[in-house]
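These are the structures, in structure tokens.
Here come two complexes built around chain A, the first alongside chain B, the second alongside chain C.
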Partner chain A sequence: MPESHVPKEAIGHGDGGTAALAIGEAESLERAPTARPLPPGGEPTGKPRSLWSDAWHDLRRNPVFVVSALVIVFLVVIALWPQLIATGNPYRADLAKAQQGAGPGHPFGYDTQGRDVYTRVVYGARASITVGTCATAGVALLGGLLGGLAGFFGGWWDTLLSRLADIFFGIPVLLGGLVFLSVVTSATVWPVIGFIVLLGWPQIARIARGSVVTAKQNDYVQAARALGAGNRRLLLRHIAPNAVAPVIVVATIALGTYIALEATLSYLGAGLKPPTVSWGIDISAASTHIRNAPHMLLWPAGALSITVLAFIMLGDAVRDALDPKLR
Partner chain B sequence: MGRYVIRRLLQMIPVFIGSTFLIFLMVYALGDPVAAMFGDRAPDPATAAQIRHDLYLDQPLWKQYPHYMGQIFQGNFGIAFNGRPVTELMSSAFSVTLRLTLVAIVIEMVVGIALGVFSGLRRGRGIDTTVLVLTLVVVSVPTFVSGYLLQFVFGVKWEWAAPTVALDAPLGQLLLPGLVLALVSLAYVTRLTRTSIAENARADYVRTAIAKGLPRHRVITRHLLRNSLIPVVTFIGTDIGALMGGAIVTERIFNIHGVGYQLYQGILRQNSPTVVGFVTILVLVFLIANLLVDLLYAVLDPRIRYA
Partner chain C sequence: MTNGGAPPAQPLLDVQDLAVEFRTRDGVAKAVNGVSYTVAAGQTLAVLGESGSGKSVTAQAVMGILDSPPGFVTGGRILFQGRDLLTLGKEERRRIRGAKMAMIFQDALSALNPVLSVGTQLGEMFQVHTGTSRKEARAKAVELMERVGIPAARARVGDYPHQFSGGMRQRIMIAMALALEPDLIIADEPTTALDVTVQAQVMDLLAELRREYRMGLILITHDLGVVADVADTIAVMYAGRVVESAPVHQLYKAPAHPYTRGLLESVPRLGHKGRELHAIKGLPPNLTAIPPGCAFHPRCPLARDVCHTDRPPLYDVGPGRTSACHFWKETLDGAR
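Here is the complex of A and B:
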């Protein structure tokens, strides 16, 4: 146990208010004797850590979290400014060099059109990161809102929403994507994002609903209600801060799978369209030449896999930190 | 039990109608199926109108849907893009995809549960961490990448398996595609089993069983495994539907003429009877698999009773 027992900053304290403190207290008290003995020189009556500061305390020391977070920061930076590490033009084609392997200044070789694979791999990050983050934000907002309200108010709205979620669960994702997106002619990322949000929200809605239903039954919520707190205050100040953890975990892992889904849809010809530089499109184009020019497939495929892996590992680490049951 | 099944079946009806109607809407938005029949040429207006009338396409959408569903329940799925009835296409496609899905399910059950038990019992040790990291890597590599890689390595370089599958899809040739299809789910099954085993390994009943002097393998198979398999069974059950629908990528890589292949053709040629018909069956499979999973709970865990 290192000295920095006092949390540097606590996410929970800021926006969680008393409720987050309360549960954090309960948990750290519960865990104190077994899992986390107080340091000998530490403060025995010190401020109890909230769930969030506790999680952050664990995360900073988790190598999996640190590595995946660094990878993600790097990906976001090159998605915003690809010219930082790739000076070429991803559209510049030199047919004379089609499918050539690595050469000086072109470490990943050329694709069938004679375009530099390295430049295209770097520029491809933008589409994947945009789709992943925007779709996740949309899904988390829509699903969290609908599921949270359904869990809080219950009744016919809850029933209706659950059945609606069942309907969307019944549709096979890839087939829905093929049908839905084959209508679209736009070459931007927005139809793909819209489709993922459309089919993705029930997953988050279920998680949010379940966790709000659990949080609603807590004593402090009953106490706040007895003290005259309105629905809005109950939801925002007491329930939401305590119900949001599972949603964040699932959304982080989902971000990785959405990036993979975008690439798969692009591979099937239904996702992003060619003027956009996308790993899925490049892999699809390279797949027919895998026997004579495997480098064209391996580099974008590697970049895609590392990106997905980074997000899934991040979500995994966050879950381990937030779920005390798995310790 | 009987009443529970009936209630669940009744609950399935609105979900079934909703899902199929949604797909119906999407396909309807695909474009004019009659124009698609004529390819690049513009159809003769009178002929087009006649075809539209014959296919019930001159009616508004809300009338078309019940008419179509009524036809489906009489076994009439319409005519596919190649002029054969959709049902004929289905019988060949579904038998192929069903075999592929079965191969995948068997692989994911046998390998996934074995790996999960193996690493769950050695929680926190090197072998456990290795398995965990491996599953994460497998989950992160999309199927269309792992498919091409395995096809290239096993099918082309080492020639251990056929790189593409023959039209009648013999079981032996489906092993490699089945593995590709199973990979991601395999990783999930491993992780689920591992977590579940690791949690239950500290349970009182396991300690009791060991204290009674039962042999280790009996404790694991009869006591620990049976109690740990419930979340795994749920996952595999819901995965059946996903695998059948998701085989579209695997079938494309290995040139298997199954459900995914026919659906893809149907979408490309804007043939709505093919698309809606196949998806309807897939939705049904998904719903029934979910029901069976819930019923299986009661078998695996006698504490669960359905009134």
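Here is the complex of A and C:
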């Protein structure tokens, strides 16, 4: 490695004796300080960390993340296998026990039709989690793809997409849901998911577009292009990983709101329909009996609140971890 | 046009009368107005000029990475190894980039992808162009890092760009550009973001690699000191045009354009301590409204009536030397 120093001066002005110093290997051995101070206990010469492993390192130490993640894992497990903690049948009605309070083996009491509230609350998680995750996946995929491509290619495609997004933004969610879903007769979760994706994608598309436009202007994208990378490689390898963080954050927070939206629509009779077990439907049915049988309302409502809260807190924690500027 | 002192054989790169404009909302900015220069294999051309003189835009046009829109090449030819790049298809040009010509950027921290390790980014060069396996690419990445003088390359190949010092990062940038042994490297202010001591090391490395691989090198800079040691020829740009080109020593000894003279005089020197530093008066022109005639006339101490109306052609002022000044003779004589 040639480290000998040649004085840098305009030829013909050889006054000599400039401040140029001959230097050795000092520069090469020095290690630049990492972008942020290392957390206590972190080794300065430990394994290299990317943004993602950095974020994960932070998340594991964040109690908000740990608690909300545990709640979500629990919810997902009971959504998949409700029999694990509820042995009863959510449809089994015993009218003789209608609106009765808690009793042995039935900790949450009975609803108007004599069905076990505990079993229904447990089974209700499935609808909420399905709607939440599927709608979020759909929104993130559709919005991320359309927004990302609009941001990358720009031009008329970008203009068209942005105006289209504006139009969808203009549709009021509740009114649109009532109109759109009232004509649907299917009792499954798919019309609700489809509706949420239809109205939800512009939000993600805007964010994805914005972060792709920002990432595209980075020198390393230009540099990768100068070294022969094609569009596909630029997008997938250099832009997407640097643009995906905001999309993940917004999607996580949105997941909670989609669950609340499903419950709202179901409450209004436009979302899920019986026989699907849903917290929204049960809350709706219980709302007229709030004075004489409040337990019918409080348990599903509590479950809904905890679920929404868990997802929103998770989103907050993820945002804090992925956005170094907030640290 | 000039041959830049190169042997009469076909030059590696021959830019002829290149014109680039940016169509913006505020009007058309003519960033490059008829730039011509040549680079021979194994030679270094320094392109010198203030910010906004079009030196980087010319390089981007040569590389084919101009942001379009708003940038458009509106005229001229870019002959690279005898082929006009402007007539090639997108895919063909992409294949040339990286393999035949590569670029080194000013700020290596922002020119390296922060989420990929340097080994991955170096290896990518081989995976993109030659379809090498991941493992092999990794081994080649280590080899390259050793070649550009990164200590403990094997241990650091998995590190991320922010874990390297500025000089080391620039070495990695150079390694990336060098990976496929291109015939031409364009270095856009490769040392501007580094401190002085590291600058020298990086320049030395570049010069050494150029010799070893017999590459053509275009060194874009505004630093006259950097140029003197490494360049063979210099092209001085002003307002999107080459105003003077000459072999490096001749240009330093006796500039043939008042702008070049102004540049040389505005370099601070120890012997002139206590005296006022010379500066070229005025500002570089707004590219949406370049003055008619000679673009430099509003700032030129020699300007006469003809300069306001007639755009000076490139005069041959000596072997391998050109100057775009009506009064090049006076300038040259005045310098001697």
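Heads up, the rule we're going with is that the second predicted complex is superposed on the first by the 279 of 327 C-alpha atoms of A that agree within 3 Å, B and C clash if a C-alpha of one lies under 4 Å from a C-alpha of the other, contacts with A are read in each partner's own complex, and residues count from 1 in each chain.
Here, contacts are C-beta pairs under 8 Å (C-beta built on N, C-alpha and C of every residue); 3 or more make two chains touch, one makes a residue touch a chain.
Here the structure is a predicted model, which means the values were calculated and not measured.
*Asks:* Once the shared chain is lined up, is A:Val308 touching chain B (first), chain C (second), both, or neither of them?
*Replies:* first
*Asks:* If you stack the two complexes on chain A, which partner ends up touching A:Leu227: first (chain B), second (chain C), both, or neither?
*Replies:* second
*Asks:* Per the contact definition in the header, classify A:Pro241: touching chain B only (first), chain C only (second), both, or neither.
*Replies:* The second partner, chain C, only.
*Asks:* Between chain B (first) and chain C (second), which does A:Ile85 come into contact with in this model arrangement: first, second, both, or neither?
*Replies:* After superposition on chain A, A:Ile85 lies in contact with neither partner.
*Asks:* Of the partners chain B and chain C, which touch A:Ser287 in the superposed model: first, second, both, neither?
*Replies:* After superposing on A, A:Ser287 lies in contact with chain B but is clear of chain C.
*Asks:* Between chain B (first) and chain C (second), which, if any, makes contact with A:Ala263: first, second, both or neither?
*Replies:* Touch status of A:Ala263: first partner only.
*Asks:* Can A:Asn218 be said to touch chain B (first), chain C (second), both, or neither?
*Replies:* Second partner only, chain C.
*Asks:* Note which residues of chain C are touching chain A in the complex, please.
*Replies:* Chain C reaches chain A through residues 63, 65, 69, 91, 94-99, 102-103, 105, 107, 110-117, 124-125, 128-129, 149-151, 158-160, 162-168, 173, 176-177, 179, 196-201, 203-205, 208, 223-226, 228-229, 248-249, 252-253, 264, 267, 269-271.
*Asks:* Show which residues of chain B lie in contact with chain A when the two form their complex.
*Replies:* It comes out as residues 14-16, 18-19, 22-23, 26-27, 29-31, 136-137, 139-145, 148-149, 152, 156, 195, 199, 241-242, 244-246, 248-249, 252-253, 263-264, 267, 275, 279, 282-283, 286-287.
*Asks:* State the interface residues of chain A toward chain B in the complex, per the touch definition above.
*Replies:* 163-164, 166-176, 178-180, 182-183, 256, 260, 263-264, 267-268, 283-284, 287, 290-291, 294, 297, 301, 304-306, 308-309, 312-313, 316, 325-326
*Asks:* Within their complex, state which residues of chain A touch chain C.
*Replies:* Chain A residues touching chain C: 1-6, 8-13, 15, 17-21, 23, 25, 27-32, 34-35, 48-52, 155, 218-220, 222-230, 233, 237-238, 241-242.
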